[in-house]
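Just below sit the structures, each encoded as structure tokens.
Shared between the two complexes below is chain A, which has chain B as its partner in the first and chain C in the second.
Right after this comes the complex of A and B.
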């Protein structure tokens, strides 16, 4: 990658690291939401496995979801959206950079920093919780390595999908509306609203091949051993293919949006 | 001399979607579009020579910022041609922008939470400026603008004036051939304004940078530019030297007269009474009337007893106000 894109990435990364208070309150929310989900799961389903998930697997899956919530939840950095709506984006235009790459790196820097700030604490606490609440270690070291690969892929996918919110913001000049649409669709299909393993099998058969499940559902299932190594590798391949497709579509959309875009403000 | 900016018949119309408010308005606005059009620029044609400082002036909403955005490759015009430094800005944007610097007085190109120096270093990477060249330029800008104490502070801590200095420096790090300044002196105090003006002159001299600036401060124009372009309601009304305009108005005088006693009514052939209060009155000569002090005293003394009078020429602001009025370009 070009040094300037790395620089843009670093700038957003450093910027996001400054929001420690936001991260701490996020951690609290995620932690209690995780507890609640596991309690509900235990209360309603007792010990009957659902779609092949045991209680311990489900608890681990839920904790991973909470720990990596920042990665799973599709956002567009506030600054990117603000800049488009208020016209500061003018300055992006006068740089010798590709604008898609520019915003992609901005989003990526922000996403990675937000994720790094949040996940370690939740994981550490969850590993030491008692009884049904406990999060378990990965099934084996290969699964862990694949999980890490999957999470890296997930972050990239998350950012590639958030670029659609950037596109919509250009089109509608409503950053909140655009972010909400993209977050809602990917939240439904990515398992944020209802964990994917709890969805009816028939629905899962479709969702499993859409890009959203590759963000987090795939690495988490590899971690708990619900998806084996070989199958996991195949799915990672599909995820990478989705990433490429999404980036290409995103680039084309942004290009078309820029062609007849009107920059706001005097 | 060769022209570096060549603007021919540029038109820009904005299609403004008529937005509905309320629930689901975003969806409605996305799918159902009704437009109204605004003609922001109409057949704008001008040339700028290399090394010139051009003042681009006109009242609010005249189209100044729109022109700057087209020149810097941010907006595509609806029609017309434009070649700047050998490029069509909106066609070869990424190549073109390597040789321009842009400052929008009301925005910021630097990053908000990080020290100014970090922003500068990122710009260095973005423009691929060699390290020794970067250091040299930074030292030059540093000396000229007194940035030393500002570089390790984040942008959000700086005052408007300090910010503007950093913005100017940021726009010049890559040694651009052309500099576009959209209201660079907006909101600055008198001393900072002078510093910014001196700096603009300095860079123009030192690097032969071609500079286009918009401003509402006529003193900027007087101090800096060797050519002005006057634009109103999207059309060019005048281009040439500011001196010429001043000459046109040089014969307009304002005369403040002190009388020996109160007069109920004052009138004088060839003059307009713009103010009258007790023993004092302000008069202006009509365009047809040439002002001569001796003749003025003779004529006014026929009917009134005067003690003192004072003659002033139009200020540059007044000249501009007159120009705007004359061309009827002020929107009401």
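Right after this comes the complex of A and C.
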């Protein structure tokens, strides 16, 4: 049984690796975006400095965000949305696979491949940029290891959250709209719209405990030293707890959606 | 008029899927509200950047949302021109005795964008109410012309994207940097970016001509000469002319995909 999920994962992983041209144009876009944001926040931070978030830390945070954009941005798994809207999903009902696990593995494969294709080049270029634009090395080796752990957790969380978009697609039959809702909320609370360390402290006190910030904000902040090692470990624990909770809720929701699915024939 | 018929057709098709149209419209507005919230949060932390406060930026965002969604609604045909080529629909258009631009404009009218346009206008009004502007007749003209300039600029970018897809058939994603980049840079005063970026988004793509410069005139701030700020939208409108000329020239090289 587990073998078939591994197969699904491998298939999607290899499939995503085919889209190299898309990745290259993606890298260009991400790169330009990174420059734009750094110039913007340099202007803000020059006017009013923020405690524990210097310009070099900000630049590093932005580049990490651009390098791992494919993983932190919530998307619907490819084809799943189409299949739900056009009814092909019913073929899956006769297969002896759990649909939630099936989609989870598909999306995980796509996300990991898309991330691996994009992040090395962006990081390498960013490390050699001049002046304020430069990305810096991690504060220490332990921080780097925790960052990698955090990113693995983040990819899983990102996929778990995208399953809510799948659920909404069942309810609304609009995949574009459903993905947009989930991506917008997660983007604002996860630090894509503006980096979370730039938000007022009172707001951060709440957002820091919501699941969205564990996707990418936490590992990035451990990397730049904005969050210490022990604090980082505690937060990673909270992130894992959120992952378990979200998977359980997601499974229940998908189950209830499937129960109420009406196949119209044809 | 033929365009009215196109318009009616598009209204009818989107009314077929009423819930979907409405839902997509609302979710698109949600994205923009997310962005506005982001800027609001940022300004609650920083209060100002280069003399610009929240409401100045809100006015810029409002203008950008309005002109962008207007162009996306009515000039979407250029943006999705590669689809017309791929499906062979464009070949059919070429043999019809109607102006090709007229047909491209009529090929797609995306009414869901009207929701976003409404939000843009609402933001402009909120910002104008909260800003202390010494109104004069000329200022009203400048504001109106900057909306027109914005629409022509974004449409011009869509036309360039369409021109490139004459050769590449696929949509050339690199152009998105300029369309989306134009949008994002326009939220904040353009002079906070690096010199080369400011130059690109002023002289090459006249983004500054529909927000930063006319706004400097409205608010009477900045160090660009006021008369130049006042006529900048009129200069920016010219941008669309070379876009159309280049499109028409490249059209002569068009080869059908054979679909």
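Throughout what follows, the second predicted complex is superposed on the first by the 258 of 266 C-alpha atoms of A that agree within 3 Å, B and C clash if a C-alpha of one lies under 4 Å from a C-alpha of the other, contacts with A are read in each partner's own complex, and residues count from 1 in each chain.
Everything below uses one rule, namely that contacts are C-beta pairs under 8 Å (C-beta built on N, C-alpha and C of every residue); 3 or more make two chains touch, one makes a residue touch a chain.
Nothing here was measured: the structure is a model prediction, and the numbers come from that model.
Undergrad: Which partner does A:91 contact after superposing on A: first (chain B), second (chain C), both, neither?
TA: Only chain B; A:91 stays clear of chain C.
Undergrad: May I ask you to decide whether A:205 touches chain B, chain C, both, or neither, giving the answer as first, second, both or neither?
TA: It touches nothing on chain B or chain C.
Undergrad: Look at A:172 in the shared chain and tell me whether it touches chain B only, chain C only, both, or neither; answer first, second, both or neither.
TA: Once the two structures are laid over each other on A, A:172 reaches both partners.
Undergrad: Just to be sure I read the superposition right, which of the two partners does A:29 touch: chain B = first, chain C = second, or both, or neither?
TA: After superposition on chain A, A:29 lies in contact with chain C alone.
Undergrad: Is A:39 in contact with chain B, with chain C, with both, or with neither (first, second, both, neither)?
TA: second
Undergrad: Which partner chains sit in contact with A:14 here, chain B, chain C, both or neither? Use first/second/both/neither.
TA: first
Undergrad: For A:51, select first, second, both or neither according to whether it touches chain B, chain C, the two together, or no partner.
TA: Touch partners of A:51: none, neither chain B nor chain C.
Undergrad: Once the two structures are fitted together, what part of chain A is touched by chain B and by chain C alike?
TA: Touching chain B and chain C on chain A: residues 172, 174, 177-178.
Undergrad: Which bits of chain A are touching chain C when the two form their complex?
TA: Its residues touching chain C are 22, 25-26, 28-29, 32-33, 35-36, 39-40, 43-44, 47-48, 50, 172-174, 176-178, 180-181, 184-185, 187-188, 193-194, 198-200, 203.
Undergrad: Provide the residue numbers of chain C that touch chain A in the complex, in ascending order.
TA: Listed in rising order, the residues of chain C that touch chain A are 19-20, 23-24, 26-28, 30-31, 34-35, 37-39, 41-42, 44-50, 173-174, 176-177, 180-181, 184-185, 188, 192-194, 197.
Undergrad: For chain A, which residues are in contact with chain B within the complex?
TA: Chain A reaches chain B through residues 3-4, 6-8, 11, 14-15, 18, 87-88, 90-91, 93-98, 168, 171-172, 174, 177-178, 259-260, 262-263, 265-266.
Undergrad: Taking the complex as given, what residues does chain B use to touch chain A?
TA: Residue list for chain B touching chain A: 14-15, 26, 29-30, 64-65, 69, 72-76, 93-95, 97-98, 100, 102, 104, 106-109, 111-114, 118, 121-122, 125-128, 182.
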